[in-house]
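Next come two complexes, and both contain chain A; in the first it sits with chain B, in the second with chain C.
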Partner chain A sequence: MYGFEAMTFNIHGGYLEAIVRGHRAGLLTTADYNNLCQCESLDDIKMHLSATEYGPYLQNEPSPLHTTTIVEKCTLKLVDDYKHMLCQATEPLSTFLEYITYGHMIDNVVLIVTGTLHERDVQELLEKCHPLGMFDSIATLAVAQNMRELYRLVLVDTPLAPYFSECITSEDLDDMNIEIMRNTLYKAYLEDFYRFCEKLGGATAEIMSDLLAFEADRRAVNITINSIGTELTRDDRRKLYSNFGLLYPYGHEELAVCEDIDQVRAVMEKYPPYQSIFAKLSYGESQMLDKAFYEEEVKRLCLAFEQQFHYAVFFAYMRLREQEIRNLMWISECVAQNQKSRVHDSVVFIF
Partner chain B sequence: MEERHFIPESGGDQEPPQEAVEVENRREVRLQPGAEEKLVLQFMDSLNSYLSLSHSLSSTLGQAWMELASARHSMGTARLNTSLLDLKFHPASTTLKITEYDVDSVDAKAWFVLRKWVSSEEVEEDEDSNSTKFSERADDDDDVVVRRERAKSLSVFGILIPPKLRAAQLSFERALETLVEMANMRSRFLYSFHQLHQEVEDTKE
Partner chain C sequence: MSGQTQRLNVVPTVTMLGVVKARLVGATRGHALLKKKSDALTVQFRQILKKIVSTKESMGDIMKTSSFALTEAKYVAGDNIKHVVLENVREASLKVRSRQENVAGVKLPKFEYTNDGEVNKNDLTGLARGGQQVQQCRAAYIKAIEVLVELASLQTSFLTLDEAIKTTNRRVNALENVVKPRLENTISYIKGELDELEREDFFRLKKIQGYKKREIEKQMQSAKMFAEEQVAEKLALQRGISLNNAQNMLSAAAQKDEDIIF
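Take a look at the complex of A and B:
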């Protein structure tokens, strides 16, 4: 019952909540970002990060550094934190933590299948997979010719199996089918995660439903914008939107028929939480939309830490770390390409 | 891609007799009053254009790489990386045609001609003349074909790709066009330099 978590939460979740709040305190501050933005080279960035929690992961990397190396090593830090929390968690927190990684699992499946379609080496593809999304039989994906085989040979024994019911066909895999499969899987995953959080109830349900609804709405907007001018039909586009969120169902009906960014803006400005996001953009422009969405997401994720005795802090921490890694990637790219004036185009400060 | 320069050979010893008259005619044109200054101006103009194109290429490439980084930031490294590039055999989407330089023409023909998004064009081989003809299309069809070719080229990264990646593609396309212009300009100023050098040699004689 909502309001009584304080009596029982700490029995099983107290230790890990303290751990995750400690990890949150280790996130980079505005002062850290200001120092990083003034670096002249990737070695300078490595030197500044050596004083942070990323230090042990980067200290043994030889020069010259590459931006992908910095991202990979910082991701290892996230993976280590996650694995420590997962091995200490009991039900239902352990299931909740596993749900957080299913998005990466979907991305890895699509990466392997797409790379195999393009006749790439499986080992090369496995090296590019996100470590949080790995599972035992992932390399076997390379032998599947269509989605039915994909499901039957590999995915039936993975947590993604329930999400495949809507996209099992015998059609051979091609770029369009793979894209529809990716988005259909992600839609099913989000809806399942949403239902799971609702079942948990209490503060977890309240905060996670807000965060997942925002994720679903952002996906709907990105799918709409990215599908403008492509072969994706309106019906197919509509089928990729999740069946929850602030935009469901009337916003989705309007987004499905949008043909340009200004029509998308007109739809979104009817919803007060998204008015402020689109107010930051000029007409016809979508370059800063990603940053505007990330800023809104970070605001909501930071608010999750204002309440205690719920699982949303774990989700919020993982997402904030991923945002931090995206920031470091962007800063590294700007420094490597000698374009430091563009640094603030995409960096989202967390504190 | 191999660059061929068709620069007239200096000295009459290596040229066949039937071309001696043409060489003499060209020599007479060069010795006309003001010819040397004209050559110097042509050389300086070509060099200036080459340097301008070089600066333009530098800024276009810088913009293109930043747009690509921005697309990676948006899509994630899993969706945009080199391991997704297609290794299956497929026709080139863009080709470079090398044409012969017309030494007698005041406005020299381009030596390098870029043909973009040609993988879907119908090519009819003429066996007799060993030249190629390309089927004619209306302008609207051209736009549709070009858009389709661009989308096909980016489809290795997925169908639903952000506008940033498309912008990066356009920027790299512009950079390629600038590179070909630079190659033509370089050939032009090298030829002007060669003519000027010959002029100086003739004057010494």
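Take a look at the complex of A and C:
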């Protein structure tokens, strides 16, 4: 029943919600970011980070420090937090938490399949996978010679199985472009996640559907813009759009026929929430679009913490951490490459 | 060092003189030509040096821009974009070819890059996010490759020219300081030897003339003595006195007798 979660939520979810809120309090603030932006070298960054929650992960690193090391260790912290929460969770929270990582799982699967098709070494490929998206039988992906075998042998046991069977027939598997396959899988994943949240009901459904709708719309816009001028046909483009969200179905119809950025802008300006995003860009420019989308996403994710007794806080926390790691990567690269003037171009302050 | 510019060991004949003179002429002409070649190479060298300096500066800027483009791509498309792109590659689409260019007689290698693969219009990397940044990153790195290939050409030409100039200068110096003095010394030695031979001949001639003259005088002397003896013998026969007396008479007759007034 919507409105009465206060009575029963804390029985199963209270401890973990408290943990997540504690982690959220440990996210870097504007003051921290300002300090980091003033750093002159990567050692300064390490020193500043040792005062935050990343301290124990970075203190054992020998200098000279490398930007990839910083990103690796921060991701490690995120993975540790996530695993801790996953262990303590019960149904349906544990399924919810697993859903959050399916996106990374899809990326890992696609990476290993591409690598195997081009005859690369399995061990190297495994090291390049995202840690949040690992599952047990991932190494066996390298054994399969073509897509059909791949599905039959490996993927049928993973949680990704329904995405493969739903949207891809066996002939498609063989000659589909790898990016189209990745995006089709992701579309199926988003729709599945959306249905799951609707089933959960209550505040979770409300907040999550808003967040997932934003994600679906943002992907639709990106796919449109990035496929302008390529050989992707309009029908293929339409197939990659998700079946929910603010833009469904009329926005998708219009986006499918767009041929350049100004047409996309004209379409998007009919929807008030996105109008403000596109207003920030001047005509013909699309570089800042990604940053504008990230900012909007962060705003909505922060709003999720305003309500209590729902699962969306976990999703919001994971996404906010990922954004923070992106910020840290950007700052460290700017410092390492001596481009301090560009630092503020892409750092999105969380609060 | 002066011990080095000795002369060649040759038989000092006129033919050899002609041969060595011809070699000297050849050495002089070769020296002039090589000097010209060395000057031309040095001019090219300086030009290449200037170009290298400017290319290196622009390379620094371009590499900075392209690494930054990579950072932007990583920011938007996720850190994994590097691995995704690497795994998706079949073979290189930009290839470098080398060919030889002839500059003032020296073969310099030159690299140029060609775009072998078709421009991948179907490249959908980063379709859902970051596609634009990935394409921009690729454009930035293509420019970086152009500059790097040019810089590689210039640097190899630089090294090759350097070697060539050193060799040419070595030859010029060798001709100037070793070969020509040696040949000149040989020529002067041959001339000296020839003169000496001539002098020897002359001397020998004169000596022989001297001998001949003395021979003739000796013969004249002996002839005179013989003639005197003949006259003494005749006198001895006429007067019936001994030869000695005859001789004495002759010699006395040759002397003035006080007793004889007329």
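Everything that follows uses one rule, which is that the second predicted complex is superposed on the first by the 339 of 351 C-alpha atoms of A that agree within 3 Å, B and C clash if a C-alpha of one lies under 4 Å from a C-alpha of the other, contacts with A are read in each partner's own complex, and residues count from 1 in each chain.
The definition used in the following text is that a contact is a pair of C-beta atoms (placed from the backbone, for glycine too) under 8 Å apart; a residue touches a chain by one contact, two chains touch by 3 or more.
Not measured: the values here are computed from a predicted model.
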Three-chain arrangement built on chain A, chain B and chain C clash or fit: clash
Contacts of A:Arg219 with chain B and chain C, given as first, second, both or neither: second
Contacts of A:Asn183 with chain B and chain C, given as first, second, both or neither: both
Chain B versus chain C as contact partner of A:Val71, first or second or both or neither: both
Which superposed partner A:Glu119 touches (first chain B, second chain C, both, neither): first
First (chain B), second (chain C), both or neither touched by A:Met268: neither
Offending stretch of chain C which, after superposing on A, collides with chain B (from 130-138, 202-210, 220-228 or 238-246): 130-138
Footprint overlap on chain A, comparing chain B with chain C: 71, 107, 111, 114-115, 118, 120, 125, 128, 130, 178-179, 182-183, 222-223, 225-227, 229-232, 286-287, 290, 326, 329-330, 333-334, 337, 339, 342, 346
Chain C - residues contacting chain A, complex: 64, 67-68, 71-72, 74-76, 78-80, 83-84, 87-90, 121-133
Complex contacts: residues of chain B adjacent to chain A: 62, 65-66, 69-70, 72-74, 76-79, 81, 83-88, 147, 151, 155-156, 158-164
Footprint of chain C on chain A - complex, ascending: 71, 107, 110-111, 114-115, 118, 120, 125, 128, 130, 177-180, 182-183, 186, 218-219, 222-223, 225-227, 229-232, 240, 286-287, 290, 326, 329-330, 333-334, 337-339, 342, 346
Interfacial residue positions of chain A with respect to chain B in the complex: 68, 71, 104, 107-108, 111, 114-115, 118-120, 124-125, 127-130, 175-176, 178-179, 182-183, 222-223, 225-227, 229-232, 286-287, 290, 326, 329-330, 333-334, 337, 339, 342, 345-346
